[in-house]
Structures are given as C-alpha cells and as structure tokens.
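In the two assemblies presented below, chain A is common to both, partnered first by chain B and then by chain C.
Then we have the complex of A and B:
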C-alpha cells in the first residue's frame, strides 16, 4: 500500500502544481500584499511608511466609510432579493411559452444584459433627464412637477437599484430556465393525475426543486451587488457623491483620485471580509432551509 | 507571390533604417471630439513638415482621472510616453506623485520658447516651488454666450453689437428682468446639476471679490474669504431661487435651453464655441456672441485652466538627449502654431499666437480673449484641479446650495471643513 501511495501523491502534486502556483502567485500573494499595505501610508504606486493600525483608526472615524457601507448594504437589499424573485417569475412565464415565442421573449429579457454599463447609463439618464426626459411626462403627471431623480438623495439608490434590476435580471432568467427544464415533466404529469392545482404544483414541486438554483442566483447577485461601483459612479457624477458613495467608490476615490493606496487597501480589505462573511452566512442559511 | 514577398521584406527593411534616422515621439492626449479632430490636424501637419526628422505617434486616452492614473502608474515603471497633455490645475498632484520631469532652461531654449511668451498667471500655474513642469498650450475658461436678437429687443446691445448693462449683481438681474418682459420665462441657462460647472462660475465670482479659496498657510476659506465665498454662492443661488434659471439642469439640457431659444444668456466653457459656430453655419442658430463674464462684484476675474504639455518622469527609462530635444521641438512647434487651436474655442497660451491677424479675425474668440489678463487659475494644491477633491466638494456642497437645498453659509462651512479634513 504505502509503496504505491507515495508515487501517487507525487503525481497528484505534480498535476496540481500549475494550478497551486498560479493561485498562489495571482491570488494569495497579492492578497497578502494588500493586507501588508493596510498598515502603511502608501501612495498608489510604491511603498509607504509603517503606520500600524492608523488606517483602521481613520476608517472607524471616517464618516464617509459608514455612509459607503450603509449605501452598499441598502443597495444590496434593494437588488438581490427583487432580482432573484423577478428572475424566477419571468422564467416561469417564459417557460410556459413554446417555440419561437419563447425564444423571442427570452431574447427580449436578456437583451439589456448584454449592454455595457455606459450604454445603460446613457439610456436611463436620457429617459429620466430632469428637463427633457421621456419618463418625466408620467412623473410630472403623478407628482405635479419634473423630478430630477438622480439629484434627489432619497431617490438615488432606489432608482439605481431599479435600473440595475432591469439591466441584470436577464441572466437570472436564463439560470432559472435551465433549472426549470431540468425538472422532469413526469413529476408534473403524476401530480396532475393526482388532482394537484397549479398553486400546489408550484409549492410542492417547482419551488423545492428549483431551490438550489435560487440559492445560486441569490449568492451570485449578492457578491456582485456588494461590489457595486459603475452605475452609482456614473449616475452620481458631479453631484452629491459623498451622500451616494459605495464602498468600491470609496476605494477608487482614496487610491486613484487621492493617491492614498494604504487607506484604499484598508477599505478593500474590509469589503473583502464583508463579502466573505455575508456570502458564507447567506449560503449556509439558504442551504439549511433547502435540506429540510 | 514570391516577388511580392521579397518586395515586402525589402520595403520593411528600408522603413526600419528610415525609422532609425528619425526620432519617433510617443504622444498621449485626452483630447476627443472637436478638440481631438483639431489636434490631429496639427499633428499631421507637424509630421508632414518634419518627414524624416521627427514623427509624432499619438494615442488618445480617456479624459480625467483615468488618464492621470494611467500616466502616474506608467511613469512609475518607465513605460510612459515621451510627451503628454496635462491640465495645469492638476500639476500640483502630478509633481507630488513624482510623475513629471522638471523642465530646464535648456529645454525651453530647445523649444525656442521663453517664459515671457506667456501670461504670468499662466506661467505661475505651470510652476511648482519655483520649478517649471509644463509648457502652457492654451487657456480655457467660461464665457457668457448671448442671443443677439433677444438682447437687442430688450435694449441690451450697444452700438457695436456687444451686450451692455450686465455688470453688477443687481444690474445683471435688471437685465434678466428685461429679458423676462420680452417673453422669456427663465432667461438664464447654467449647468447647475453638477459640481464642476458651478465651481467654475463660483470661483470666478470669488476672485471678482479678491477672495482666496486656499491661502498661503494651506487653509481653506480662512478669515473673510468665507464671507466672500458665501456671497458668491448666494448670488448664484438667487438666480435659481428668483426664477431666472431652472434648478438641476444637466449639461446637454443647459446648452439646449440656449440654442433652442428658451434662454438668452448662457454661461459655459469656451469649448462650446465650435458647437455654436457649426449650428450657426448650418442656419440652425440665431445671431449669437460670447463675451467675458460680467463683473458681478469689484473687479474682473474668470476661472481658467490650461491644457499644457509635460514630460513624464519615466523611472528607469530616461530618454536620450536627442529624444528630449525632439520632444521640446514638438512642444515649441505646437505653441507657435497654436492660433489654429483657437478655432476650438480655447485661447492660445503663446502670446504671439493671439497677436496675429488670423486670431483677431476669429470671432467671438478675439472678443473674449481679454479674459486671459484676469484669469484665475484653480488653487495650487494636490487637492484641487480637474477631477479633484475640490471638484467633488463642489458637487457635495456648492451645487446643492445653488439649487436651494443648503444655505450658502452651511454649504461653504461644510466645504471648508470637508477639504480641511482631507489635507493630511
């Protein structure tokens, strides 16, 4: 036994080595460097003086950091669950269609997803332009006057969240469709023979069987939306960027605009830990619910 | 087939030897749109005139923070270009990060230029701690665009067709009232939805009172500068609150309000001059003009910035003296041929380039060129300039105050404390 085991282990190691090496060089080492950077007052490029926990103290007292954290979590709340549920709802609808009608509807919902963020920004900033925007017609009818939504702080994050859901929901639909197609038609036939209603079929068959996909979609969305930057940056440009800042926005501003690499790294590390904690927590919670 | 191959090989061999004989200057800029097209024309002209000696290889990159980040990181590893465009307002941060190579007197001689060829304020803006780091190429600023037909009907044009009776905060409002009587609901158009555009007007108004945004001790809005800043903010806010200009207008919409005839006066950058010229040439615009900003307070002053040329400090990859001489020759040629650049709306920084018949005939540029004499450049600090914390703070405090969400006093105190807190 032992004689054959050693060469096997060696072969395994040799086969694993390229991956391990790449992973160490491209991920582990830069991460370690990032952690080291948080203890220095480094500029964007090059080394800096050791400041111990100075950056962490500054972070704790930085009003902007707390605004950014709140904005990020608020944005996550407004996007992750709605876009997951909406994705499922649309997928259920599209799944009932047949042939070209199905393809057409799927394409219609998927189309926004292939747009780059700059185009999404252009479309919506024109639609909602305070003076000439098309959507200002219904808004004015409802509110009595034009509302420059991207310049009204309480409306900012919800509006960007809405645009984001519109933009990204197509991908969720696709994942759900794949999941729905994996559920065997025989199960539904058997249920129908037993006289199950459509509501019962959804609750007893579709929902439990699609659950792993729901968990996957929600987790992908969660990680993606915690890293929110582009849309908020574009829509807030020139405006009250402090009140609408996201965490990645704060990293960008510190490191690239103000040349404070050390502080930027500190915010980045906190965001990294937050993403790890929240996604592990969410995955565990949702999985536990699914196994019941 | 075979012959074509040999011919190709032969010609590439020739082009290699030709390339060795001439200096190829790598050039980066952030000029797109109308600016970019005009710059490309200048570069092509240079390349034609210097065939076999110097050739410029130009790359246009994304304007603003992305450009400056790329320049900084590439210079740090010796991969930057030989010459690049740079905003003078951004120079202090560039020097602090060690991105720029200082320009010596020998460099200036190689370019055939002297500091006296430029306005003193312009040279000061190109200098940090007594050392010159860039050669100014233009001065760009904000001007007052006006609708001749509307102003004439309101009796606001003098015999030369220039606006009159706009100087003074109260007089300006009286003029706006006359335009209102002429049937314009909101006769003034300003881009008041962002910090950058409001900052340019605000900074002009602050300097018209002799106010200092940042004093010699590195303090923001110290002493009575705060009161002057509040006065400037309150004046702008009153244009909105008293109904002369609508709040929260986006950039394109602010231009459209003017060109569409809804507003007769429009404050915007000189870079929109080509837009107006082109529209007018197509017969889609009324008779229009542009003048230096009125004097709202005690003295004339207008915010200004400069596009300039700088050499990156390519670490570990210093250029040869021959290459550097070629680069300076490029910079000198550009300055001396910058009259044409005026068609983009900018004022050529090189004094002799503004002192030509060609420039004097260029309207309305020649009319507003007087602003160069009282140009107020952004504060000299790594926190100021294009895409800087000062611009962000303007978006966070000044812009909401102009739109009536904060009082002038709250906004300026907030802006002062915010910026002072970042100066660490």
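Then we have the complex of A and C:
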C-alpha cells in the first residue's frame, strides 16, 4: 500500500482556513474600515460624505473629547498604580502563609476577579446605595450625612476606581505570587545568615527580582484600563454622564447614541493608536528585561 | 563572654520578628475578610425577606432566611432565557476559539508553507490591537450580515483570539521531535498527528484555555450590550443590568439575579482553580 503525502502547504491552508477567514473578516477588514470611516461624515449604518480631516479638526476642538481623555487618564492613574502596589503587598502577605490558609486567602482576593462586571456593579451599588447602603453607615459617621457617591461628580471616578481595584487586584496578586515563588529561598537564607533585616531583604532582594513582574502587571493593567467603559457606564446610568465619560464611552455616545459613525470611529482610532503605542512600549520594556 | 549577649540579642530579634510576622498575618487576614465582605453581603441580602433588607440598622445575619428572592427572579423575569443565551454564546465562543486556535497553532508550529513568518508576525502584532476600538465597525458589519439580535452576531466578533493561537504554537513547538518522527514512520497523517499526538499531549493546555475563554465570554459586557437590543436575546451579564424597572428597588431580588449570573463562573473557578491560575499566567505571558 502506497500512500502519497499531500503537499504540506495544502494541509496547512486547510488547518488555517477557519482562523484566516475570521481574522480577515472580523479583524483586518474592520480595521481598514475604521480608518476609512474617520474621513467621512457617516451615520452609524450607511455611507457618508467624504470630509477629509474634518472629523479630526472637530475632535481637536471638542471639549467632550478632552473631558473623555482626561477622565480615562485619571481613571488609569487611580487604578493602575494602586492595584499594582496593592497586588504586590497582598502577594507578599499571602505568600508567607502555607497550605490551606494560603489557598483560602488567595481565593478571597481572587474570587471577585472572575465575576462579570454587571455583578460587581450590582453588589457595589447596593453597598453604596445613598439611602440603605451598608457603607453609608461609616460614611454618615465620618461626614455627618449619607453621600450618594455615584451622583457626586468629583467622587464618581475615584469611587469607580476603588471598586475596580477591588474587582481586579486578584489578577495582579496571582502574577506577583508566581514571581515571588521563583525567587529561591536560598537567597533569603544567605541574607538572614548575614544578619539582614526584613526591610533590607525586601529592598535588596525581593524588590529588584520582582521588578520585571511589576512592569508586566502595570502595563497589562494600563492597556486594560485605557479601554474602560463598562463600570463607568453602569454606575453613571441615570446621572450626568457627560462629566464622567471615558474614551470608549465617547465612542459609544457618538456612534450609537448620536448616530455619528464617522466621528465615533475617529475617537476609536485615536484610542487604537494610543493603545498600540503603549503596547509597543510594553514590548520594549519587557524585552529590555530579557536582555539583562 | 560575648556569646551570651549575642544569643540574647538573637532571641529578642527572633521574638520581634515573630511579633511583626503575627501582625502581618493578622493584617492579611483582615484584608481578606474585607475583600470577601461585599460578596458575603450580596449573598446575605439575597437570602433576606425584602422588608428586612431596608430595615434601619446593621444586620449582618438575616433574622428570617428565605429563598423568595430567587424564586421570584426565576419565575418573574427572563433570566432563564438569558441563561440559555449566555450558555449558547459562551459555549460557542469557547469551542470555536479553541478549535480554530489549535488547528492554526499546529500549522504554524509544525508545517511549512509560504508566508508563514509574515502570518506569525501579523498574529503577534494583532495581539496589541484593542478590540473595543473596532466596535463601531463590528456593529456595522453585523448589521450588514443581518446578525444583530442573534446568537451568531454576539459570537462572531469574540472569535478574534490571537493569544490562544500563540500559546498553542508555543506548546506544540515544545513537543519532542522524536515522537513526531516515530509516528510519521508508522504512517500517521498530519491530522492523525494533531489529534492523536499533539492535542492529547497538551490536554491540560486545552482545558485551561477553554476555561479562561468561557469565563471571558460569559463575563463580557460591551459587545453583547451593543449587539442585542431585544430583551429576550440578551446575555445574562447584560440582562441583569437592563431591567431595573422589573424589580423596582428591591435589593434582595437584584442580588439574587446578580448571584445567579455569577454562579456558573464562580463554580468553574472553584472546581478548576489550578487550571484557571495556569491559564491566567499563560495569557499574561508567564509560562506556568
């Protein structure tokens, strides 16, 4: 019995076909369309007139765009740095424990991370409900009265950031714990024999060795939080949404609520380029670590 | 002479360390309790009688336990329908993403074909592209296909998953060459190699990737929220945020609905903790 092996390239094509097709139709084509759309004054569905760089000019002068950009960056600042530092602190604490105690603690911090955003929204809007929320008890004790935090503009983004840190920190903890486990115990033993204190061990051993993970965690969170929409949208429902809009929120508002597909796409492209730039930076940073 | 004071110093230092260690442990336990509390509070609220929920004062344990909120939500909202929608769409995303990625990863790892390097670079580059930036165009595309308000419309844009392809390729790369050669000697075809050798050797990876893809698809909010406007086609993650009026401000019912939406992913996590952890490491780029 002879068996002719079909040319490898054909088999490769067959195996790749489903992936290539989805990739072309749902990724390459929409990306090309995104760029094209920014030069038109199109509604959400349907063709529109060519306006050259009109959308970009409008963007530059649009106060709402700058509000959305500022809100996004503010949110990034309030989530990325705290969740990275807190993630490290929790990981250091959890890593000291052993066995089931460690698993239990880890589960407590990690469980929120796997919840859908809408569940997080429901739980926290109940906890902070202006009238009956449990957290209004300490708030009233401190401030003298209940504060509907999601309706007070200056408190809105910090509160949503706080909820987000609660929700996502488990992810950071997990990555840091993996990093801490990779540091061999012998280094600490040697340092202990030399009479190093806890503080010295942290500054001289843990911190430098965990630095690459810190960069990884911070950049992953940065890229993720630049895309913020869900929580801000949900918590702002029924309130003054202009002041709390994020960049993705502005895309949603322009394209889906005001039916301005072209302008929405322009905002999307700016966000797109911003995130690609951050990703390239991340890649460079992580590669630099690889070479060291 | 000096030995004794040194010994004493060590003992005090050890004691100080123990005190500090004890304080740290207490702190971390306290933090864990604080972290778990919102979930506990949600669960407790869902088990209270609705009037008790808004009774003034702090009641950490219900005085009257009841499942009324759950039965109410199950029989008086579309939650069953939303469950079906979520199970179908998240299940379809999982199966399709894993199958396409395994096939593509195998081709990229083991086969020679023209344009391979270019394709690999494209996949690596697309890793960086933020999918939410494409949502306007995904919406237009799904509208053109007539797939808004349908399962297919929810599923399709979620199929772009370069990370799973990258992970499969890396794991297939590390299968020893000898195994492949031996199987080829026995006359195995490429498909047999994939299904009898490469996939079975990496079942763990497939499980991990399937679980994390499922959790992601179940939890995703923005795209299903845009693609579906009719209430009976909503996913549960969207549905529970869209029907305030159905319950009014009835927090026991709102919590019951939310917890029902979280139940499947919470169970998956509790059963497959190690796989979930592994999958998160893999997708973050740490081989664990």
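By our rule, the second predicted complex is superposed on the first by the 246 of 292 C-alpha atoms of A that agree within 3 Å, B and C clash if a C-alpha of one lies under 4 Å from a C-alpha of the other, contacts with A are read in each partner's own complex, and residues count from 1 in each chain.
We take it that a residue touches a chain if its C-beta (ideal position, glycine included) is under 8 Å from a C-beta of that chain, and two chains touch if they have at least 3 such contacts.
Just so it is clear, the structure is predicted and the values come from calculations on it, not from any experiment.
**Student:** Between chain B and chain C, which one contacts more residues of chain A in the superposed model?
**Tutor:** On the superposition, C touches more of the residues of chain A.
**Student:** So in the superposed three-chain picture, is A:96 touching just chain B, just chain C, both, or none of them (first/second/both/neither)?
**Tutor:** second
**Student:** Check whether A:44 is in contact with chain B, with chain C, with both or with neither, and answer first, second, both or neither.
**Tutor:** Both chain B and chain C are touched by A:44.
**Student:** So, A:190: does it touch chain B (first), chain C (second), both, or neither?
**Tutor:** Touch status of A:190: no partner.
**Student:** If you stack the two complexes on chain A, which partner ends up touching A:239: first (chain B), second (chain C), both, or neither?
**Tutor:** Only chain B; A:239 stays clear of chain C.
**Student:** Per the contact definition in the header, classify A:148: touching chain B only (first), chain C only (second), both, or neither.
**Tutor:** After superposition on chain A, A:148 lies in contact with chain B alone.
**Student:** Should A:259 be classified as contacting the first partner (chain B), the second (chain C), both, or neither?
**Tutor:** It touches chain B, and chain C stays clear.
**Student:** For A:132, using the defined touch cut-off, is the partner it touches chain B, chain C, both, or neither? Pick first, second, both or neither.
**Tutor:** A:132: touches chain B and chain C.
**Student:** Under the contact definition given at the top, report the residues of chain A touching chain B in one complex and chain C in the other.
**Tutor:** In chain A, positions 44-45, 129, 131-132, 256 sit in both the chain B and chain C interfaces.
**Student:** Where on chain B is chain A touching in the complex?
**Tutor:** 65, 69, 72-73, 76, 93, 96-97, 193-197, 246-250, 253, 256-257, 382, 387-389, 391-392, 395-396, 399-400, 403, 418, 422
**Student:** What residues of chain C sit close enough to touch chain A in their complex?
**Tutor:** Counting only chain C, the residues touching chain A are 17, 20-21, 24-25, 27-29, 31-33, 35-36, 38-39, 41-42, 45, 53-54, 58, 96, 99-101, 103-104, 106-108, 111-114, 116, 119, 126-130, 132-141, 143, 156-157, 159-160, 165, 187, 189-191, 194, 215, 218-219, 221-222, 226, 236-238, 240-241, 251, 254-255, 257-259, 261-262, 265-266, 268-270, 273, 276-277, 280-281, 284-286, 288.
**Student:** Tell me, which parts of chain A touch chain C in their complex?
**Tutor:** Going through chain A, the ones touching chain C are 3, 5, 8-9, 11-13, 15-16, 18-20, 22-23, 25-27, 29-31, 33-34, 37, 44-45, 90, 93-94, 96-97, 103-105, 107-112, 114-119, 121-124, 126-127, 129, 131-132, 134, 137, 166, 171, 174-175, 178, 198, 216, 220, 223, 226-227, 229-230, 234, 248, 251-252, 255-256, 261, 264-265, 268-269, 271-272, 275-276, 279-280, 283, 286.
**Student:** Under the touch definition given earlier, write down the residues of chain A that touch chain B in their complex.
**Tutor:** That would be residues 43-46, 125, 129-132, 148, 151, 237-243, 253, 256-259 of chain A.
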